Amino acid sequence: MLLEIDNLTLRYGRIEALHGISITVAEGEIVALIGANGAGKTTTMRAVSGLRPVATGSIKFAGEDITNLRADLRVIRGICQSPEGRGIFPGMTVLENLDMGAYTRRDTSAIASDLDRVFGLFPRLAERRKQAGGTLSGGEQQMLAVGRALMARPKLLLLDEPSMGLAPMVIQQIFEIITEINQQGTTILLVEQNAQQALSRAHRAYVLETGKIVQEGTGQDLLTDSRVRDAYLGVA
Amino acid sequence: MKGTFVDFDALFGHLGQHTVDGLSKGSIYALVALGYTLVYGVLRLINFAHSEVFMIGTFTVVGTWSVLGATDSPAIGTVILLLLAGLVAAAAASGATAVAVERIAYRRLRRMNAPPLIFLITAIGLSLVLSEAFGLWQGRLVKGMPTIVERSVLFTIGNTEVTNIQAITVVAALIMMFGLDTFINRTRYGRGVRAVAQNPDTAALMGVNKDRVIALIFLLGGLLAGAAALLYCLRYGNTRFNVGFVLGLKAFTAAVLGGIGNLRGALLGGLLLGIVEVYAATLTSSNWEDVAAFVVLVVVLLFRPTGLLGESLGRARA
Amino acid sequence: MRRKYVRALGGVALAAAMVAAVGCQDSGGDDNASGDGTCGGKIAIFGAFTGPNAGLVIPSLNGAKLAVKQHNAENADCQVTLQEFDTQGAPEQATPIANQVAQDQSFTSVIGGHFSGETKATMPTYEAAGLVMVSPSATATELTAAGNKSFHRVVGNDGTQGAAAAVYFKDTLKSQKVFVIDDGSTYGAGIAAELTKGLGSQVVASDKVQTDQTNFDATISKIKAAQADAIAYGGYTNEAAPLLKQLRAAGVTAKFLGFDGLYDPAFPQGAGAGAEGAIVTCPCLPAAEAGGTFSADFEKEYGEAPGSYGAEGYDAAKVLLDGYKDGKSTRKELLDWVDAYDKEGVSKYIKFADTGDVDPSKVVIWAYEIKGGQITPQSEIKLS
Amino acid sequence: MTETLREINDRRQRLTAGIGERVRALPRWQKVLGLLAFVGFLYYLPYLGIPGLTWFRTDYIPQGNNWAGVLFSCAIYVLIAIGLNIVVGLAGLLDLGYVGFYAIGAYSVALFGSTQSPVVEALQNRFGLSEQWAVSWAICIPLAITFTMISGVILGWPTLRLRGDYLAIVTLGFGEIIRIVARNSSWTGGPQGIAAIPGPEGAPSADNTIFGLIDPKPWYWLALTVVIVMVFAVRRLEHSRVGRAWLAIREDEDAAAVMGVPGFKFKLWAFAMGAALGGLSGFLFASRNAFIEPTQFNVYLSILFVAAVVAGGAGNIPGVAIGAFLLAYLPERFRDFSEYRTLAFGLALVLVMLLRPQGLIPSRRRARELADRRKEAPANV
Amino acid sequence: MSDPEDLVSLAVSEQPRRDDLLVVDHVTLRFGGVVALDDVSFEVRRGEILGLIGPNGAGKTTCFNAMTGVYRPTSGEVRFDGERVSGRKPHQINRMGIARTFQNIRLFPEMTALENVMVGTDSQHFTSVPGALFRLYRKRAKPEELPVVDSDNGLVRAWQQTRLAFAKVFGISRHTLEERAGEQKGMALLRFVGIADRANDLARNLPYGYQRRLEIARALATEPKLLCLDEPAAGFNPAEKEQLLKLIRDIRDKGYTVLLIEHDMRLVMGVTDRIVVLEFGKKIAEGPPAEVRENPKVIAAYLGVPADAS
């Protein structure tokens, strides 16, 4: 297992946000977390990337216990997140933002080729490479966030709401790119509102509800599960 | 006195001279202001102890020169040696102090996620401790030092004389300012600093070690304060245990004036404040210059609530 | 229920203890000195013994200590204690100290204050308590102008010194254009005003600097613009030293004259080479001129020459000590004693006018010159 | 080192935990009685002679200061802290120029009440009044309060729109401006200051029987009475629509505005009320000392006031009172430390903030908040 | 207002009422180059629950902010009760009768639940500093407002009687009456939303669901004509959502008009009278739930194009 989350509990102040969740992600998989707003999906992501302290439980990455590891060291281990709300550095240009993704890397030539790869995936970004991140449209920012995370050449890519605020066409594109990235060998943990898309792309998925995992299974199984359809796919 | 409260002739008769004087005065403000602005830009914290970082720099210069046996107006080779030694020692001492302050106090508070006011009071406490420690150790009276660089007039434009020290001060300040600007905007570490300033969480997700970046900005601020200390010593030839308090206050005012968190704002604010003070002192008398400085600050903030150039490391450009 | 009673009982007991204690405690020991016929007593001395301006005051304190020590060594049967009270020079700190001294009847006389502000703030209190004050260094003219009965000083006032400085400018320096600077302090502004009065139209311009100022560009350009041939500075070393240094660095060669606030080894040290040739006036005698063996004794005791007001501190104490030696032991007796005092001191001949000022005819003002980084006596300034 | 201290601190916390709870659990009448006893004790303090406690008197040491005189200073500082607490603790506005209001209060009574003030002299000349004429002490009280409230509004009106840190530097500038103007203007008496400031019995004179020159006890009782009245008044404000509005603004100004709290108005009120209290304390200070000069109102004092309020426990009257009390008391009691007093104060400030950031006696709200914030601290910083 | 004890119901004015309470009239909003709202028009009618829905990032919150005066529209305008909304300060907009909750709960965390609600009721009150300080503006007390004398303890009873006599002679201050009214109304509201048991706990210590409800109670306390709820169900499980639906219906039944912003279409279906659907800053549908549900544009927007559709 690349990532093993075991019985994780996490609090905001005195409010418990996660109540003992366990998630595993195997190498090469796309695993989706779905659930309503506030169910704890983003919190889980932040715990994995090291932005939130864990109350109890453990997180293991590639066999190593990283529960209390600093966030930046996790990046060096190979975990990179495209955060919810994109987290673009508004005052930096597109190029600088992408360079930030490669912050921990020193292999200049490989970085250059990765940059080409990202620009290949997102031609829009190439057009706007000198533009400040804050002036991009929502969709462009989302591309930038995903591209930036790719620049870290992560073993595990965490994507938090990559389709948020995007037009259906773009959503379609983004998910195709996600699949492509995955096929190129990157393991992906995906948090998504758009359950339809997420489930159809994911190998496996977990359903979160108020800080607990209520269901898990393969993407296709959950996609056809009546309860999931009822609760998260909108139209019954 | 009453009839001549405002003396326009004095001001406009030598406007150029006053401007040059103001610029050279403001350069030192600007260098110290950069320390405030760097820390504020990243941590949103007024590092009140920065004034003492500067003060320690000046004492280090005095100490270094006295150890090296400096005398008034030495030979040119010695001058360069003394300047370099003073610069290195002051920058090292100030930088070390700034980093130590961060390590001893602020990091702990950051871990506690303490509200800004707590940082401020801690900084005030630290500032008291440092300045008092020097007051006890070095005495409370003004401390003189040898005049390393004899003043001479470099060139004259109209009735405006520009002296070597003024030129050194302004040029050195500009060089350091642009050096810093380049460092922040062009290098990998600088990008890390800007990333933490703009979005600390995402910066961590990109692998930026926030602690190291914060230590770095304190170090940078300290180095600049050390450089400012050397220039100060060259220009004024004196220091004192509480020299930081007033100067720090002015430098902070300058930083706010230009837009705190904004590097170029610090430069602009510093120079502007220096000029305003000299003008005001000439126009009335020297003891009104602080009033003028603060009045200008209030007026500027009324029309531009975040200072002349707006806030933040890079954020303003968005 | 029982606990309640215990608590109530405890409360009553505590209250009783408090009430009982009221009777037996009122600012300690008023029964050990005064009025019991024996010789000696307690002198309170107050001033800025700590803080930035302590350097000006410590020599005076040491002078007084020296006088008391000598007195006690010579008069085993008439021991006098000197109690120090540090005010840091702040009026609001001096006021409760005045209350303390006034209420403690064992204190029969006061040396102080050392600065004019603290003196002004506490004079009425000491007067009301009938305590005699002998100040070594509070020089503001107004202190003796309000008819306070307890205040005396063994030092010339700013009026005398300002006038003397005016004479010095006219006669010795032969200055035509004097630029007057002060630091806006009670002392600095006061003495600058006195000088301006004395110089009249020879004052071409003036400026006021502020405490802790370090940059004097504006002042310097004003001096240049006024083309002054002499500069007078009313204030203290902290600002004067950097000012003078910058003045000289800026190529201003006009004569620089400061007052007793600069009579302080830190001044030439802080101003460096720029101080060379500067004049400091002081209503204090040069060490060599001081009467008797004072200078030698002082140096022996403290390992350094008596700085500013060392001799005055000694004299202030001496005036009172002579009274104790003469058997005076109440506040009233000592006040009368000081009023009638008429004797040669180490700094000058001491005899007080009705106002409390030392007899103007006995005041000596000396001009000192900075030579080789030392304050060296130049000449006495004759007032007429 | 701090680790050991932290451990000691934790142990102390375990020991003292629950005292507050137990006190709160007492029946109301016992609390009222306890409070009365405490107030009685405060009035008794100048006589403090209980064996064992005499150690606390500042005249316990030979060079010590008058105990009642120091108590008076403490009371003044407490009054200042209560005023500043409205601004900093309740409304959450950082005011680093509070000393300006203190100065205005002091100068109000000095300029109008003293026969030696240039203002009074000008009035005498203008209206042909006798040389003994001056505004009486009692009338100076409303004058002082009015002037300071007006200056609070004048300062607040343009600046309260600014964000926190900007407000801090602007208020600091205000404090400096007041001092510099007082020092450099002839109508304020300039650097010489103003003497003969009246007290309740008129100009200072040896004939005054109660508020005399020698015995400061009545002055202390007067100041204490004012403090108690003001504590009462501020508590009334705290537990009213006004106090809720201040708290709401401190917590979340935008949300408060959306809930119908006119933020600007109440911030201005906080400034005005804080200013009035600062002015009142300056007023008392000036009339007790009978002499003021501008150097007494330097900006350093402002910063110390804020430090005292925060270190004591911002938002909580007992907390800020203890902070201010210690600020005035400790340097006096430990005069033997002489030169090291300020250094020790600075160290103490840093230690309090590191070990007990909520202040010595925090409000219950604030202590909770800080405890929670500590838990929420992001993992990577 | 049939029941005099019912403090929660909105006092509906008897004046002739126009049907539309809030009108969004061709509102366009641009930030820099980004068009956040593109010519959006709809209205909220009195007494209805209007749902404003759309996928995350569709411009719901932007629209909401324009409606509550936070943003000034680039063109077009928002009118509430016939008056323009934009250009007013937030507290003035509250005075007009718009109250809102926040997507990411924004309570006053260091104040108790009751105090939080009382900040809301305070918007209806007038006591300011002089009133609170001196307890001025005394009114002759009605019998039910007089202090009660009920203690057995002689001393306390004497004190109570003194207070009673004082109140009879001098009346009762506006401050006291307002405090009392605020407290009663606050408690009534806390009971209404079902969290009265934690009235004296600090808001930050309340469980998540309670905080959501508290926010609603606080908004109701300002007696709004229009209550805007911004994603009130975020973080709720289905059971909690169900309770929330009931609460929203109750609120409507008390006479309030409700604007409900949600992205969860299912939740909105069950409670709203009408629905407006936004996508990319444009209104793509408007109508009763049943109608909107069948709208193909809505389905596309909501579900995205199914992956297997291509």
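Observations
Note that the chains take the letters A, B, C, D and E in the order they are written out, and that residue 1 is the start of every chain.
As a working rule, a contact is a pair of C-beta atoms (placed from the backbone, for glycine too) under 8 Å apart; a residue touches a chain by one contact, two chains touch by 3 or more.
Because the structure is predicted, anything quoted here is derived from the model rather than measured.
Overall, the chain located most centrally, as judged by its C-alpha mean against the mean of all protein C-alpha atoms, is D.
Taking each chain's centre as the mean of its C-alpha atoms, the one that lies farthest from the centre of chain C is A. Chain geometry summary: the mean Cα position of chain B and that of chain E are 50 Å apart.
In whole angstrom, the spacing between the mean C-alpha positions of chain A and chain B is 43.
Here the CA centre of chain B is 38 Å from the CA centre of chain C. For chain E, the set of residues that touch two or more other chains comprises 204-205. Taken residue by residue, chain A touches two or more other chains at 13-14, 50-51, 70-72, 135, whereas all remaining positions touch fewer. Looking at chain C, residues 184, 208, 210 sit in touch with two or more other chains. Partner chain C is touched in their complex by these residues of chain D: 37, 41, 44, 47-51, 54, 59, 62-70, 72-73, 180, 183-184, 190-193, 195, 204-206, 212-216, 285, 288-293, 295-296, 335, 338-339, 341.
Those residues of chain B whose C-beta lies close enough to touch chain C in the complex are 1, 10, 13-14, 17-18, 21-22, 25, 72, 135, 139-147, 150-151, 163, 165, 232, 236-238, 240, 242-243, 245-247, 277-278, 281-282, 285-287, 289-290. In the complex of the two chains, the chain C residues touching chain D come out as 11, 15, 17-18, 21-22, 24-28, 49-50, 83-86, 90-93, 95-97, 99-100, 102-103, 117, 120-121, 124-125, 127-129, 140, 142, 184-186, 188-190, 208, 210-211.
Residues of chain D touching chain B in their complex: 2, 88, 94, 158-159, 161-166, 168-170, 172-174, 176-177, 180-181, 183-184, 299-300, 303, 306-307, 310-311, 314, 339-340, 342-343, 345-350, 353-354, 357, 370, 373-374, 376-378, 380-381. Taken together, the chain B residues at the contact with chain A in this complex read 188, 191-192, 194-195, 198-199, 201-210, 312-318.
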